[in-house]
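The following block contains the structure, expressed as structure tokens.
By letter and in written order, the chains are A, B and C; residue numbering begins at 1 in each of them.
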Amino acid sequence: MAKKDNVRAGQVVGDVDAFVSAPVHSPVSGTVKDIALRSHPVLGRTMAVIIDTDPADATEKSPCAGQFGADFDHSAYSVEQICEAVRQAGIVGMGGAGFPTRVKIEPNPRLPKRTLIINGCECEPFITCDYRIMLEWTYQIIAGVKLACKASGCSRVVIGIEDNKPAAIETMCKALEACRGCEHIEVAPVQTKYPQGGERQLINSLLKRTVPTGGIPPMIGICVLNVATCAAIAEAVVTGAPLTHRVVTVTGEAISKPGNYYVPVGMQVADLIDHAGGLTETAAKVILGGPMMGLAIADLSTPITKTSGAVTVLTKEAIYKAKYEKRQTPCIRCGRCLDVCPENLNPTKIAHAVKNNLLDVAADYYMSACIECGCCSYVCPANIELTGYIKTGKLLVARAKQKVPE
Amino acid sequence: MLSKITVSPGPHISEPHSTRSIMGDVIIALVPAMFAAIIYFRIRAFVLIGVCVGTCVASEWLCNLIRKKPNSLDDLSAVVTGIILAFSVPPALPWWAAVIGSAFAVIIGKMVFGGLGANIFNPAMVGRAFLTASFGMLMTTWTVPVTLDTTMPEIAATGRGAITQATPLAWSKQAIKKKVDTKVVAAQLDASLIGQIGGCLGETSSIALLIGALYLVLKRTINVNIPLAVLGSAFVVAAMCHLINPNAYIPPWLHLTTGGMLIGAFFIATDPVTMPLSTRGMWLFGTGVGALIMLIRIVGEYPEGVMYAILIMNAVTPLIDRFCKLTPAGGVPNA
Amino acid sequence: MVLANIVQLWQDAWPAGLTMLALGTGFAVVLLIASIKLKVTVDPKIEQVHQALPGVDCGACGFAGCAAYAKAVSADPELLGKCAPGGAETAGKIAQILNIQISSSGGLVRPIVHCRAHTDDKQFYAEYDGIMTCTAANAQPNVQACNFGCLGYGDCIRVCKFDALHIIDGLATVDYEKCTGCGACAKACPRNLIEMVGFAQENMMTVACRNRENPKTTRQMCRVGCIGCKMCEKQSDIFKIEDNLARLDYERYQPSEQAETAMSKCPTGVIVYRGKSAPTPRKSAQKPVAAKE
């Protein structure tokens, strides 16, 4: 890629050879304006390809759910074909973590997979993008599930859907009945309780099994895929189209027209917000992701990434109605954070150890097992940013391990 | 407009409660018992509650002033300490003793440790222990509620004429040596439910306390594990004694409704600062409190054991926390 | 009468006295045996070395405090000179105690903060509202527009045992009079802005910036950011531009006419002196950054 190069929609604009990686494709046709540092929600500033859209080629990509029906036959595709198509299309986990899907579904002789879990739980409150695609892209998702199941060699598929989405459960069940060869796929309603969409929590609720601390689901023979990822797999394998667009929930009190939008990856958050009617006067925080684990962004030119399921814009009231004068008061040891911790940790102990720079004590209370769901900060009556301290502690531990560059 | 946006690590929303709202809930829950106290002891209740709360608040303000710390009165914890201390002293306690007790409770019981959250012992119980040690006579002189016409001659105590009366527990202590009269037991139980009985200011009316406790449990302000453990273990111990010798030991339900048992189980042992963090720890703590109360009541020299039981278990809390260290949901790594 | 009392006392007291005597003797014997059997020989030199050390337990030597370092250096003279706060003086004392020769040490090593942006110089997109430490804030992308510069939440200040670092108007500033060069601040900075530099001179020239953005973006982000204009490179060969950022080769730095010219010609004033008697840096020619619309 160089400046002034022409790019077509779907052309690869970035790739690396590393195993745990995925290529990036241009969602639009146009010319490369610049290759420079740009804001990124996680990495801060990172190299980016800036493409000027070609006004002549303004054909917009639209969802391809119409191509899929109950008669989809996955036997036409071999395991290698599926894996290669997924790799070529640059598909990563679209729930939030963004782990390359090819690595997940590829058969691995050391860690054979037996059960495929499809995550139909929204990862956070406020977000509805997975719900919408389950209703609208039902057959595409089922096609993706079948392909992923074949590629990973799983014998059983469980689709976990939260019980506050009866319409999605019903639609999914009906579609499965209509499809052939879906006997090994079941839909399981799970309790609506954040963080149900976390893979460790979902595995526990569906199969009553626990992923070891510090371990990953394949260690117990499980592969977890998001419904949006399944839809992307189906699209990539059948049409060969790369992952360049995704459904994003634009929500929050400070958005004029909240809703679910099908947007190109790389679109600036500011443009998406404008499209959704713009911010209202009361907007106080723009979050890429949901209100619990989302990343507050300072620079609205930050792009939507493959993993951004939502843009949440909160008002000052939404942020602070709970916070008593915004002030942190001493821990009263009420133990609420222990009650809500999905990983059964002791957040107050860890946070205070980090605060006092006692990283060994924090490690002793299993700081590394924290999934940073934010439940402890949410319930803390003393308004202590427990999750923030634990995240800081993890960063300090990581830093202590690496050498200071001379 | 963009300059107004803020960034911070998640979560970006939180539950609408605070230390202040929790303490506020406790105060609301203590209101029924306060009403009962005012009905039974009239002006004495007013004076004691007022003096205790006033002194606690003033002491905390003074400590913050001396330590040059930001004012912490708005968390309302001093008010709670004041009310609970007032509830756990005899109605006839002179006002100056209440001042000394309250000041000791807040200054030595809480502020020298670094304020709310850092204290080892429940401040109100520290204050009461200090008063018991210093003014033993005053702390065991029980006034008869003004609404009570002395219909229970058996328990009318000697010494201070008609205005004082032994508490049911003091009477039960004697019963160990003499004999339990079932009629008296029934009368006592009725009396202790509504509070028509001698005792500490706020401890007499079981029904008023239970209404408050129900509010706290429904609002999830207190963790229900501790009261259950305290009452459960106390009941079991009392029931065993009663079964062994019903003539010497009063029935278990009377133990639960009299003395500081209810206020202790629902309002004092559940003080978040001095209770263990984990659920397992809470059960251990509560069971310990209940068993110690019964041990003191039945075997010990004191008729009442709630205060010492809670203080002893407060001291053990760090040990319980260490003992009940949580295991991560995914198991201990590399083990 | 008195005598009778004394006799009485003696008769009452002698068993007690005898018991005490026996007990005392018994314990003394136990202690005597223990002190012989369980004797730990401590090398008196280690104690002397420990006495010679500054005793601040800063950890700059890489050991857990002065006592640990004293033990280590007594066993391995190679470790001599690791004590940054004590410097050459302490190293000399230790060498004397251990009776070893020391090689002549080089210049002092001192930290340089590679940023000169005060709050007014920087551009902010949003207000930071989280835990007030650099490590926490740095995890928040674009917490200030420049993702390279000093955050000013003072992680370096908190680790400094010598009160030699202060946040002055949003910028970590080293007090070279107090600094002992222990390097704790360099380890603490999450943006790796603090570099330990060998001070050949009392004052060192430095490019106080780490921003590698393209020049236009840098200008928008910060009034005193390096824009990689190559002006300094033209004046003196100790400067080198890489990734839109000038770097100064500290090894080759000598006070010179060319370096001075480079400094005065720098359009953003990012080349400054750092050290004990460093002059106040001149104001940047740039206008203050405008708030983003």
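The rule is simple: contacts are C-beta pairs under 8 Å (C-beta built on N, C-alpha and C of every residue); 3 or more make two chains touch, one makes a residue touch a chain.
All values reported here derive from a predicted model rather than from experimental measurement.
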Item checked: Chain contact topology (line, ring, star, complete or other) -> complete
Checklist line | Middle chain, criterion being Cα centroid separation | finding: A
Next item on the list: Between A-B and B-C, name the chain pair that shares the greater number of C-beta pairs in contact.
Entry: A-B
Checklist line | Rounded Å distance between chain A and chain C, as computed from the means of their C-alpha atoms | finding: 41
Notebook entry, point to check: How many angstrom between the C-alpha centroids of chain B and chain A?
Noted result: 49
Checklist line | Between chain B and chain C, centroid-to-centroid distance (C-alpha), Å | finding: 51
Notebook entry, point to check: Considering chain A alone, which of its residues make contact with at least two other chains?
Noted result: 295-298, 300, 385, 388, 391
Item checked: Per-residue overlap in chain B, given as positions that touch at least 2 other chains -> 2, 4-9
Item checked: Sites on chain C at which at least two other chains make contact -> 124-126, 130-131, 136, 139-140, 142-143
Next item on the list: Provide the residue numbers of chain A that touch chain B in the complex, in ascending order.
Entry: 200, 204, 210-215, 279, 281, 283-287, 289, 291-298, 300, 312, 314, 318-319, 321-324, 329-335, 338-339, 342-346, 348-349, 365-366, 368-369, 372, 374-375, 377-383, 385, 387-388, 391
Next item on the list: Within their complex, state which residues of chain A touch chain C.
Entry: 36-37, 39-45, 295-300, 302, 385, 388-389, 391-392, 395-396, 399, 404-406
Check: Once bound in the complex, which stretches of chain B touch chain A?
Finding: 1-2, 4-22, 72, 75, 115-118, 223, 272-279, 282, 325-334
Check: Quick one: in the complex, what on chain C touches chain B?
Finding: 124-131, 136, 139-140, 142-143, 291-293
Notebook entry, point to check: Within the complex, which stretch of chain B touches chain C?
Noted result: 2-9
